[in-house]
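Chain lettering (A, B, C, D, E and F) follows the sequence in which the chains are written, and residue indices restart at 1 in each chain.
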Amino acid sequence: MPLSARNQLPGRVAEVHLGEVMAHVTVRVGKNLVESVITRRSAEELGLKKGDAVTVVIKSTEVMLQKD
Amino acid sequence: MPLSARNQLPGRVAEVHLGEVMAHVTVRVGKNLVESVITRRSAEELGLKKGDAVTVVIKSTEVMLQKD
Amino acid sequence: MPLSARNQLPGRVAEVHLGEVMAHVTVRVGKNLVESVITRRSAEELGLKKGDAVTVVIKSTEVMLQKD
Amino acid sequence: MPLSARNQLPGRVAEVHLGEVMAHVTVRVGKNLVESVITRRSAEELGLKKGDAVTVVIKSTEVMLQKD
Amino acid sequence: MPLSARNQLPGRVAEVHLGEVMAHVTVRVGKNLVESVITRRSAEELGLKKGDAVTVVIKSTEVMLQKD
Amino acid sequence: MPLSARNQLPGRVAEVHLGEVMAHVTVRVGKNLVESVITRRSAEELGLKKGDAVTVVIKSTEVMLQKD
């Protein structure tokens, strides 16, 4: 996908929790769980459900770093 | 770290590229590379350099999903 | 906290309003009220309630300026 | 300003540092310093300079909380 | 409005859908529909309803590009 | 593109300005100009230049509204 967002990580949906306006979606990416909040409409239009193959997309300006 | 951001992934700095105001930092997280753009000042104050152990922090509202 | 986010302001929780997926949290910071929208899960896991001491964390790329 | 962004805090510019594309602006808000990264073009078009009265504007979905 | 956000597009509200914490607002901008998620409180305080003239405001660091 | 981001607007690149780390790209979308700040690396990897057909992509949680 020729999108400028530099982080595009393959994963698999682990859980979808729908609210009235938003949806909380958990995705397994390698050994980590990544959590995403998108609109309920997007979750429904994409038909997201447990086990779906998805790509997690994150703009690099949204990524912070903590020194351990 | 008791921070509300739900995504806190352990990694290791792979590259630091400094600009005048911003810095582009690449971090290895498992089998993926995650790219982060932070201020140059933060990169310098944290003393970020290749090999450093860091935690990648991302608020869940910044995470999009693409259905494969 | 050695986090790249440059804005880390001490405050005290003034109100927590929980929705199904998100939570709206108001924090007193000096003479201002700062409002935050986080996931309900984070609000519950942090056990946020009125009077709690918290740090408001904001990445500098998310801060706009208006000339008065 | 009837803008949906819930955080609109009055301050005064403490420092402006221009890069080629971005600008790093520090604003005194009460007893805190708030740092903002905007485009160089906006900094120039607004004519931002030390001492200017400004309003810091932040969408609530961009505000994280850390429990102390 | 002398705000640093570089994208300020005139439009007209097409739909408002309120949740407990958030609101999903659709705005017609030229020939496009732009969708916004703001807090329910902002939607109510602005009194947003179908047909209202509004300006869509987006910080340029939040805008991604896809090559077609 | 089955991406959760609800705003995907067709446009054409009007200008590309490269910095050391970031790039400022202006896109004509209908009668409006939309400005985007992405990494220089993405601008170069996508080979963005004036006249290119692109899609502007914006997550709905990043869109604010001002009542006129």
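Here is the rule we go by: contacts are C-beta pairs under 8 Å (C-beta built on N, C-alpha and C of every residue); 3 or more make two chains touch, one makes a residue touch a chain.
What you are looking at is a predicted structure, and each value in this text was computed from that prediction instead of being measured.
*Asks:* In this assembly, which chains make contact with chain B and also with chain D?
*Replies:* In this structure, the chains that contact chain D and also chain B are C, F.
*Asks:* To the nearest 5 degrees, please report the angle of the rotation taking chain A's Cα atoms onto chain C.
*Replies:* It works out to 120 degrees.
*Asks:* Where centres are the averaged C-alpha coordinates, which chain has the largest centre distance to chain B?
*Replies:* Ranked by distance of C-alpha centres from chain B, the top chain is E.
*Asks:* If you line up contacts by residue number, which pair in B-F, E-F or A-B shares over half of them with B-D? Let me know.
*Replies:* The chain pair with the recurring interface is B-F.
*Asks:* Taking each chain's centre as its mean C-alpha position, how far apart are chain D and chain E in Å?
*Replies:* Averaging C-alpha atoms per chain gives centres 21 Å apart.
*Asks:* Averaging only over C-alpha atoms, locate the centres of chain D and chain F and give their separation in whole Å.
*Replies:* 22
*Asks:* Among all residues of chain E, which ones touch two or more of the remaining chains?
*Replies:* 1-6, 19-22, 24, 35-39, 41-42, 46, 57, 59-62, 64-67
*Asks:* Could you run through all the chain pairs that touch each other?
*Replies:* Contact pairs between chains: A-B, A-C, A-E, A-F, B-C, B-D, B-F, C-D, C-E, D-E, D-F, E-F.
*Asks:* Which residues of chain B touch chain F in the complex?
*Replies:* Contacts found on chain B: 17-24, 35, 37, 61-62, 64-67.
*Asks:* Can you check the complex and tell me which residues of chain F touch chain E?
*Replies:* Those in contact with chain E are residues 1, 5-10, 24-25, 27, 29-32, 34-38, 42, 46-48, 52-68.
*Asks:* State the interface residues of chain C toward chain B in the complex, per the touch definition above.
*Replies:* Touch list, chain C to chain B: 1-6, 36-39, 41-43, 46, 57, 59-61.
*Asks:* Where on chain B does chain D make contact in their complex?
*Replies:* Spelled out, the residues of chain B in touch with chain D are 1-5, 19-22, 39-41, 59, 61.
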